[in-house]
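Going by the order they are written in, the chains are A, B, C, D, E and F; count residues from 1 in each one.
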Amino acid sequence: MNGGNERFQPVSGMEIPRFAGIATFMRLPHVALPDAGDVDIGLIGVPWDGGTTNRAGPRHGPRQMRDLSSMIRHRHHALKLSPFELANCADLGDSPVNPVDVDDGLNRIETFFKSVVGKGVLPLAAGGDHLVSLPILRAVGEREPVGMVHFDAHTDLWDSYFDGFKFTHGTPFRRAIEEGVLDPKRTIQIGIRGSGYDAEDRDYGAKMGVRIMDIEEAVELGPEKVMAEARAVVGDKPAYVSFDIDCLDPAYAPGTGTPEVGGFTTREAQFMLRGLRGLNLCGADVVEVSPPFDPSGYTALAGVTMMFELLCVMAEVQAGK
Amino acid sequence: MNGGNERFQPVSGMEIPRFAGIATFMRLPHVALPDAGDVDIGLIGVPWDGGTTNRAGPRHGPRQMRDLSSMIRHRHHALKLSPFELANCADLGDSPVNPVDVDDGLNRIETFFKSVVGKGVLPLAAGGDHLVSLPILRAVGEREPVGMVHFDAHTDLWDSYFDGFKFTHGTPFRRAIEEGVLDPKRTIQIGIRGSGYDAEDRDYGAKMGVRIMDIEEAVELGPEKVMAEARAVVGDKPAYVSFDIDCLDPAYAPGTGTPEVGGFTTREAQFMLRGLRGLNLCGADVVEVSPPFDPSGYTALAGVTMMFELLCVMAEVQAGK
Amino acid sequence: MNGGNERFQPVSGMEIPRFAGIATFMRLPHVALPDAGDVDIGLIGVPWDGGTTNRAGPRHGPRQMRDLSSMIRHRHHALKLSPFELANCADLGDSPVNPVDVDDGLNRIETFFKSVVGKGVLPLAAGGDHLVSLPILRAVGEREPVGMVHFDAHTDLWDSYFDGFKFTHGTPFRRAIEEGVLDPKRTIQIGIRGSGYDAEDRDYGAKMGVRIMDIEEAVELGPEKVMAEARAVVGDKPAYVSFDIDCLDPAYAPGTGTPEVGGFTTREAQFMLRGLRGLNLCGADVVEVSPPFDPSGYTALAGVTMMFELLCVMAEVQAGK
Amino acid sequence: MNGGNERFQPVSGMEIPRFAGIATFMRLPHVALPDAGDVDIGLIGVPWDGGTTNRAGPRHGPRQMRDLSSMIRHRHHALKLSPFELANCADLGDSPVNPVDVDDGLNRIETFFKSVVGKGVLPLAAGGDHLVSLPILRAVGEREPVGMVHFDAHTDLWDSYFDGFKFTHGTPFRRAIEEGVLDPKRTIQIGIRGSGYDAEDRDYGAKMGVRIMDIEEAVELGPEKVMAEARAVVGDKPAYVSFDIDCLDPAYAPGTGTPEVGGFTTREAQFMLRGLRGLNLCGADVVEVSPPFDPSGYTALAGVTMMFELLCVMAEVQAGK
Amino acid sequence: MNGGNERFQPVSGMEIPRFAGIATFMRLPHVALPDAGDVDIGLIGVPWDGGTTNRAGPRHGPRQMRDLSSMIRHRHHALKLSPFELANCADLGDSPVNPVDVDDGLNRIETFFKSVVGKGVLPLAAGGDHLVSLPILRAVGEREPVGMVHFDAHTDLWDSYFDGFKFTHGTPFRRAIEEGVLDPKRTIQIGIRGSGYDAEDRDYGAKMGVRIMDIEEAVELGPEKVMAEARAVVGDKPAYVSFDIDCLDPAYAPGTGTPEVGGFTTREAQFMLRGLRGLNLCGADVVEVSPPFDPSGYTALAGVTMMFELLCVMAEVQAGK
Amino acid sequence: MNGGNERFQPVSGMEIPRFAGIATFMRLPHVALPDAGDVDIGLIGVPWDGGTTNRAGPRHGPRQMRDLSSMIRHRHHALKLSPFELANCADLGDSPVNPVDVDDGLNRIETFFKSVVGKGVLPLAAGGDHLVSLPILRAVGEREPVGMVHFDAHTDLWDSYFDGFKFTHGTPFRRAIEEGVLDPKRTIQIGIRGSGYDAEDRDYGAKMGVRIMDIEEAVELGPEKVMAEARAVVGDKPAYVSFDIDCLDPAYAPGTGTPEVGGFTTREAQFMLRGLRGLNLCGADVVEVSPPFDPSGYTALAGVTMMFELLCVMAEVQAGK
């Protein structure tokens, strides 16, 4: 390790075994938000599943992801860089939440992330269900709508559930477009698949200009061409990355609430995330890890490895500024 | 089998193996509510955990309990009776719910159970988290406040959570008392234990006249004396029974969201439930079975066995009318 | 949803959450066989593993598959159709079985499926172990031997086990050929692999004209060419599809009794099943899902997703008649 | 260790760690039946569940029980004796079985155990489902009917299942009585509980003179008086012990196919088995351990600990001869 | 909450849900050892299993125990006190360890605990295997040998393993006695049971004056008399408490490496720990929680509940000084 | 089966079900080392994880691998040969180990394998953690340094851990090179990936001439070219194969201590192992299977299938001599 701010280096497994110590994201120091002045990238848990219409559990995601993130070391073997040398990274703890009220929960998360963004910290969040992306987008897209590279089995562009309820984990991006914090024309959704109730979500997306790429098309194109198109769609302006763990096949990520067979392998996902290099990333999340459906934790391991891939790309951007 | 309405008899495992067939509660016929005119006791799922402040999952309770209830046969070995000969029993399916809105969820459940009660059907519900008891009490206690025998590790008499939120699985009985559907002076809580935030719940209960019996006292008295006191507390008027599966020790019921070690054995619980015989029961529930924390299902088996014990007592009451 | 018989539509997860309600296949209505007059395709469980020589458990398959099938929605995202609009689909419950006698078990299943076929209903079965395919073939192949597209790690063409026992899950297709209900020359087996006792099964298959395609060949050809050959083998006459879940790799389907590593991914399997479009299908099954070896249920999810792929192809055929 | 035949001593965990080595029962030497001439007590697996009408799996019992039996050491802490000093004990491997034919399976097991008994070896069997007790009783009771101390949740005295099938895990003792290998008047059943289809099994037992002691009575009497009565019932003549693991509560033994809540603790069971001292035991079994329902293995640990308790009592008898 | 140092209060689940936030013991503040000047009682993890001769895993104990300790609230329901009002409690993180060298591991732990004791902090440790008690005893017993109340299935008084290796989880108390940090005459071992290799451990204990109380005796005496004797044995001078989770029955604590059936219930254990009130406790540990053998975590929940019982007793002592 | 020494044939599942019998590797006869004179290839367990710096458990590998190896039959479906016809294969039991001392453990294993090699037996070992490869290499490379084909996510070329400890599962090949038993210039490492502490391991490897092939390169080349290069690197002289199960993706092998997402599929691994045909193999191992992290056992199944692939290649070599 020959670079990087000493204060923000992770604990090494060569010195303290990885199973030891209080679990923070990637064994980084825990820094409370008020003290985060010189943090460049903040790893943040959002332990909330208030929008979950299906199987329960993503509220437990951040804790299991912190636990498994002890497996992450300093240096990316393929990119040949350490994000911890390029940027000051820290675990900012968990966002406030409210497990029994959706509106209040959304407000608490939005307030927290606006404060993060206000301090100049790039957020890298661990959900929680996919509804948590909405309040984060409200924060990162407050000044102008952002673009988005979205990996998922589902579009999450539905209008409402259960006869008129607008805020669920199936609706965040429709709300974000309506609220003007997400630019649909600079949004691409990759890996969509699985049976649907009807095509209303896709029709809305198509109408608004969202690029929806089904798994079949993504497989045929291969990771490289997929990401070339993704970069073309989002362009140079600020873009957000949302990685729903259910874009992966259930063999790779059984611990999630709405699994769809026939998904990406982790290898494909890693190759695609590396294709984000050079984009102007304003934040990212990995969501829908649901520990009760995978006590073994390898879903969470996949999730934090994706966070590490994202962190590397974000740190490069940060270092280049 | 020499009695009972043919239409309402469970499928026998001597004819069709217990692992076969679509799973209904205790292999009873599924009867839609509009057709439930001659049903005496309705077994009803309430797949809802909108009030859960802690570990997720009771929304999955009814399905796993239906699955494991195939283990239940016709005749109670100790009471030497078959509830299915004494009363017309049926699976009325699940109550409508709303997983993303507490108020709407409570309303849907209340409306359903008022309809059940309106048809003269005694409800025996499978939760769901403990907040589901509130809308059921609104139904059974609509005309006059009911008494209650309550088995639990927790009083569920708290006022509010997260700075003012009044409807959670820790508050149902405070709300029920405030709303006048539960008579605190005819209420006994058995098995209370575990660390608490403070004593505010107990103080409220004491003030209102609720009889709170800690596990230590219950163990010292033994099941027989405990139930003698329970019968004395609730008296002859209509009484409800609420059985939170976490009254059992986690060794007997690991599949629950707020386990507390040092609880009842199933044997003790069965002996206590048999002590309810003769009470004027107006309904009952078994709640807080959370399948994600017990894929093996023996928590659900404990839950449905308690439902069978309750069903026997309710059927006797029904038959005696 | 703008088509299809209202009576035979599945419950929507936009109205009733997917974890709610009594579990039927794909949330379809349960219709008893005597009332199945206007059903086009019947989804049927066969909870039987009387032929299992190895690890126990497929008797529990139908129940877990019903549970997980709540994840299936209406419309196929890639085929852009809803089977429920094209054909009347229903859950016909479970076939009668006998867990303690192989001969009697085979008879009960055969009788049931002959009745299904007699009513003009196309059967789509969920096993059970692979021996259940034999009595179904006796029903669909009663008038003339059918062709078969068979996905599996094993040929199931053995002669006998344990010194002369002829009916096991390793022998169904040898029996079916001998009995004249399966046409070996119109049969293709795809994905065969794993160590074998000797080559007696393959020699028999070769002698009778069965096309055996090992996993290595299938991988080299790719799904498209594999299915071109499959279509050529079975031709235009009635053909059955048998999908043994162990054709998938154990990473995708750990819940099975005789796993063989090095198998298909679910993505490959889906692509292959879509290649069945246009064939004259007379029935299909998905077998060998063994829940005790996968409490998490993602094997069952893979199984019911394959059932949905098959259902789409069968409904197209049905609609085209 | 200051006694006992060197050849028949178990491997010590002080020398070779318990997780090491090929797993035999209690780390005893494996001796093939033809070489068992100087074996006094033979530990034998019966990997068969041909009679299982309910949840699958006891065929896997012997292997998991061998694995967990590595936890057993040499000396009983309370009886202050080592069975391995008192008698020559060995693992005789598994009985032949047939997983796809009940009649043939019963014959293979009977033949094997008759050979064991013929060599003067006392059998201590690990099931397998409860039907395996029948062919063992045919061997030990061949010359005259034996008495039996039977620990179970169920009487297993039913007549038949599924419209006339006589050999299931619910019927072995009715068959054994009918066949004259079990003396009903010298038989006691302890721990019976759980709902039943009707009372036909109990009525038969009562008529034949079987002493049926429900769990409620056993709990009230306490282990000491229970066993006093058991000793009185079986008397001085040869007696068999059959221990169905489901006599234990599911909290202590979740890994079984027909669990009934409200059962014995392992502590109670150990105390009762010690009460067998001095009886003229002619054999014993521990059955219905079903590993698929308890991957953790503590059910199997309970099972092999009961085998060790039985072994101590049998070795004392053997040494006293 | 009306007392106690604000800085050392745990996070309340009424404000922040229990599944949220970075997991520390009982949601207490994490204080680094150099800053622990005004800490009265330090909760410390010892993630080390270098002495484990049997099944692997206690190195993972502290992390899972921290996770589950979120379930613990402030106030003891039966003792009617909050330890956090009586003493300054904090999570001091984990002791340094070395997973690949026993001698170095012992040294690192001893050094750390000597520093803890040197700061006047009472240690309450979470293991780790039972060998971790030895270096802690070296710290607390440095000036004079301490007494001990020891709950366990095993005496851990063996001399050596594998032909002369002296430091294992089966030998810590023999070493501690030999080293003069533990006073055998003021030591009581409660709950001993399970088969043994021979009686060499007990003979040594008896010779040195250790009071060994088998589970049979403890059950017969009952918790109250057991603890009366324990108090008599250890007297008024400093005493340590060591709680091996395997003193509990495997039904209550499956997640441990050397389970022995027939153990204590958690209820019995809690009653016994409350009987420690008034003793002059100099430290305590809860060891042998092995998460890989209980992914569900209820063993860890039992462990941290025992830590809370111990904390209450220690805080009372502390407050009385 | 028409060849091969009768004494060394595995038990057939057509005769004795695969779940039956005492579990040996691939159901081969157990032969004690002193009697192994005419054994050609010895399958040997090394139940030891003394070098594990991370998650615990490979000590349990051999037992679970023996259990799952019952799934392996006689004949390789693609290579069209039976190793048991080409060479005398036997289970030689487990190597002696010492779980509480690294140096002594290494010595015991080295001594055992030197004896194996001394008898002219080719060793095929099942670990244990990766440090077990070191003492085996000391045996097979005693006379001259061997080459190696090494499949792994990690190089295991680190110098030391925890401030100077030289013998861990991250250091075996550095030690082997230093000791002159492994020829770095004839060594290739395939599948390397995952974050690293720094590049010190790779720098050392590069300096010594080890060919390190990252997963990305291996994926791009494809199995055929990868193995062409492997064969070129190791050449004609004796070569060892070390297969760390974590070279596989966690979806295929969750039961391991240091999983890295993005790894090989089992299909890729099988294809690569078949590419070893014709090499002059002097031994092989499959290591790091950690059963506590995969109770379902499919990681072990993957492991033993790789052992079977290796066995086929080794038997061909043996037969050609």
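Definition applied: a residue touches a chain if its C-beta (ideal position, glycine included) is under 8 Å from a C-beta of that chain, and two chains touch if they have at least 3 such contacts.
The structure presented is a predicted model; accordingly, all values stated were derived computationally and were not measured.
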Item to check | For subunit C and subunit D, chains touching each | outcome: B, F
Item to check | Between subunit C and subunit A, distance of the C-alpha-averaged centres to the nearest whole Å | outcome: 38
Checklist entry - Between subunit A and subunit D, what is the separation of their C-alpha centroids in Å? => result 55
Checklist outcome for this item: Expected list for subunit C, residues touching two or more other chains, is 17, 19, 53, 55, 59-60, 99, 161-162, 249, 251, 293, 296
Checklist entry - What chain pairs are in touch here? => result A-B, A-C, A-E, A-F, B-C, B-D, B-E, C-D, C-F, D-E, D-F, E-F
Checklist entry - Along subunit B, where are the residues that touch subunit D in the complex? => result 1, 12-15, 17-19, 71-78, 249, 251-252, 265-267, 270, 296, 298, 301-302, 305, 308
Checklist outcome for this item: In the complex, the residues of subunit A that touch subunit E are 16-17, 19-24, 30, 45, 47, 59-60, 62-63, 66-67, 91, 93-94, 96-97, 99, 295-296
Checklist entry - Can you list the subunit F residues touching subunit E in their complex? => result 49-53, 55-57, 59-60, 98-102, 104, 161-162, 165, 167-168, 292-293
Checklist outcome for this item: In the complex, subunit C touches subunit F at residues 53-55, 158, 161-163, 192-199, 214-216, 219, 249-251, 254, 258-263, 293-294
